[in-house]
Amino acid sequence: MVMVIDELKKDVIRELIKNRKRDDGRDFNEYREISIKTNVISTAEGSADVKIGKSRVMAGVKLEVVEPFPDKPMEGTLTVNADLLPTAHEIFEEGPPNEESIELARVVDRGIRAAEAVDLKSLFIEEGKVWGVFVDIYTLDHDGNLLDTAALAAVAALHTMKVPEYKDEKIIRENLTPKPLLTIPTQCTFAKIGKEIVLDPTYAEELVADARITYCVGDNMLYAIQKAGSGSFSKDEIISLLDKSFEQRKYLLSLLNKL
Amino acid sequence: MGGNSDVPLIVNGRRLDGRKMDELRPITIEAGVLNRATGSAYLTWGKNKVLAAVYGPREVLPKHETNLYGSIVRCRYMMAPFSTEEHGRAGPNRRSREISKVMREAFENVIIKEVYPKTAIDIYVDILEGQGSTRVAAITAAAVALANAGIPMKDIPIGISVGKIDNQIAVDMMREEDNFGQADMPLAIAPMSGDIILLQMDGKMTREEFIYALDLAYTKIGEIREKQINALREFFKKSSAAVENDNEQDNSDLNEIDQQVSKSSLQEPSQELSAENETMENETAGNENSEY
Amino acid sequence: MGKLVIPGDLLSNKPIRNPYTYIKDEKTYAAVVGMFDEEKSKFMPIKASYLPSLRDNVIGIIEEEKPIGYGVNLFSPYHGLLSSKSLRTTFNVGDIILAEVLEISEVKDIWLTKPTKLVGGEIIDVSPTKISRVIGKHSSMLNVLKIGTGSNIVVGKNGLIWIKGGNVPKAIDAIQKIVREAHTSGLTERIMSYLNVTQEMLEKFQRSPQREYY
């Protein structure tokens, strides 16, 4: 098997992009092939295994009974964590979360939270007790755009989540009630290479990108943005990419609505 | 982003601190406030109190982080435990690490890294009192500290936040608006190009609201930039001023310096200046002195 | 004598190479805060770290003994190195030396040569961008300082200045004045007046051979 070394492809990619071409032949506004499998982990209350091209992320949702946050005593809680595993790429080291994994978790969390996608109000049990929704994002294979892969996995896992029964101070995980999301946020990530901007960058494309920007949107609504990298965007680019995110939403929703 | 609170954030067209939707809180900036750091700035923005220190260019430690062809930029944003209503834990946390990352990336855009290869430029920003939009205050302060340190840059970036409160778009979010508003968007802009070098958003905005918010941010960068320039100018005047117990002749020099600093038009250069100073064209010509 | 400029300010419509400026679309812009004299095309950064050039005279402290020689702290982002080959004297850690930049390696090690120990005296540190003012054209300013204070003064391009003998506090005071007013004109005259040095004294000093002593 021949392994192509992404680090050595930088000049090739830059040339291609300048000529408005991509390494895998995609259009600048096209996603790689996306596959979403849910309910893959029986010990989790919600789970999803998502692939975008060769990137792969698994998300698991666990529900526990917790104390509510003091300022929101009648609502369930949502916590999103991400681990960029050494499994996924040799650049990820063992140890405490690095800034990239912190950023990934916070960006995915932000979009879901701002959209108020999870019906937290319905997760109230009794005074001092609510359901805490814990989403853990496990990156398994890194070929670029872990952000969108993780977001899709988190959303898919949450959308197919089932809430256990809580009775007599005990969690009965055999009795489950589906709790689909109130609204489904969709997320798009773009990379800027030179003057060009591409959707869903591969790892090799990320290596030559000067900047990256992620949008999380709903129906005619913007929920979150995160720009990363030392490159810059003009105001017009920022607005045009928002519009592209709205366009892609239809496609991404069609995948999620099938679940 | 809390979303909804019982407290109205806008009453009679005015915000909780009396501001209109397009008004900034008062900003003060002082450059060169620290002795040890290469460059520094102390900034107040409303009730925010921010101290930025820059060290460098200096040797890179740990050595394995060295870049042979340019400087590396490192940035640490931190909120002091006494800076918030509730006592915070000292040390970095996930939020401060994310902010440090996006700040560093913004400065990596404007710092000209090729001038001092194999060095590190370290930016430390401490929020001593936090009252909403601390990260953009931090960027605004650190930008002045970097210029004060003589770090080569393309431009001096400006930080600013916009957001949505009670369904209206407003500029410069204070803490209550950060917590209870409907959307919050911090930005950093490089004023010469107008490019956006930091952008985050959290909340709910329609496309139209988003565009309006962006435009509103751009209208305010001139005000902030003026504060940055004044801070650098005041520092220059301070470091060029004669001491008070000098004789009369020196005081007249002070007037001359003052005029030079505030005049935007050029004065006639003296013969001596041209003879003694290196010109731009032969900046790195050989020694002028060869004997001691 | 010009105006204060900040990073991003336009200095010239032509491209000019200078470490403290940058070129974009064939135009030159300031990269650091400095004083810019448009007519003379002169840019004096207020503060910048030392960038070594060949044949610069620099002052540093022996920091380390190495197999190849000595490591020298130049109080700049880059380190000085002194090869023990062809050295007639040995040095100790802590010695202050004056040396010349022989070679700048690809990895920015500053190889030094012709080291001289500077014994006693006091060292002050100014921004390297002000050093040429302290020296002056044909060392005129430096000579004024020496005459006016009776001190021996050695100036390193890396911003370090060594002063010994004579009236050291007066020398430091005068140098600080030069640094503060570096961007102004008529500075040499003012310093001459400040130190009671006449034109005659200066000319006499410049005519007589300078005896080097450290």
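Order as written gives the chain letters A, B and C; numbering starts at 1 within each chain.
FYI, a contact is a pair of C-beta atoms (placed from the backbone, for glycine too) under 8 Å apart; a residue touches a chain by one contact, two chains touch by 3 or more.
Just so we're clear, the structure is a prediction, and the values are computed from it rather than from any experiment.
Asker: Which chain is most central here if centres come from C-alpha coordinates alone?
Answerer: Smallest offset from the overall C-alpha mean is found for B.
Asker: Name whichever of A-B and B-C has more C-beta pairs touching across its two chains.
Answerer: Between B-C and A-B, the larger count of C-beta pairs in contact belongs to B-C.
Asker: Measure off the straight-line distance from the CA centroid of chain A to the CA centroid of chain C, and report it in whole Å.
Answerer: 55
Asker: In angstrom, rounded to a whole number, how far apart do the mean CA points of chain A and chain B lie?
Answerer: 32
Asker: Quick one: in the complex, what on chain A touches chain B?
Answerer: The contact residues of chain A facing chain B are 71, 97, 99, 102-103, 105-106, 110, 113-116, 213, 220-235, 238-239, 242-243, 246.
Asker: Quick check: in the complex, which residue numbers of chain C touch chain B?
Answerer: 1-4, 6-8, 11-12, 16-22, 24, 28-29, 31-33, 37-49, 51, 53-57, 77-79, 98, 107-108, 127, 129, 132-133, 135-142, 152, 154-155, 157, 177, 180-181, 183-190, 193, 210, 212, 214
Asker: Would you mind writing out the residues of chain B in touch with chain C in their complex?
Answerer: Interface residues on the chain B side: 38-39, 56-59, 68, 110, 112, 115-119, 147-156, 191-192, 229, 232-233, 236, 239-242, 249-250, 253, 256-257, 260-261, 263-264, 266-270, 272-281, 283-284, 286-289, 291-292.
Asker: Of all residues in chain B, which touch chain A in the complex?
Answerer: Residues 1-3, 94-95, 97-98, 100-102, 105-106, 108-109, 183, 185, 190, 193-207, 210-211, 214, 218 of chain B touch chain A in their complex.
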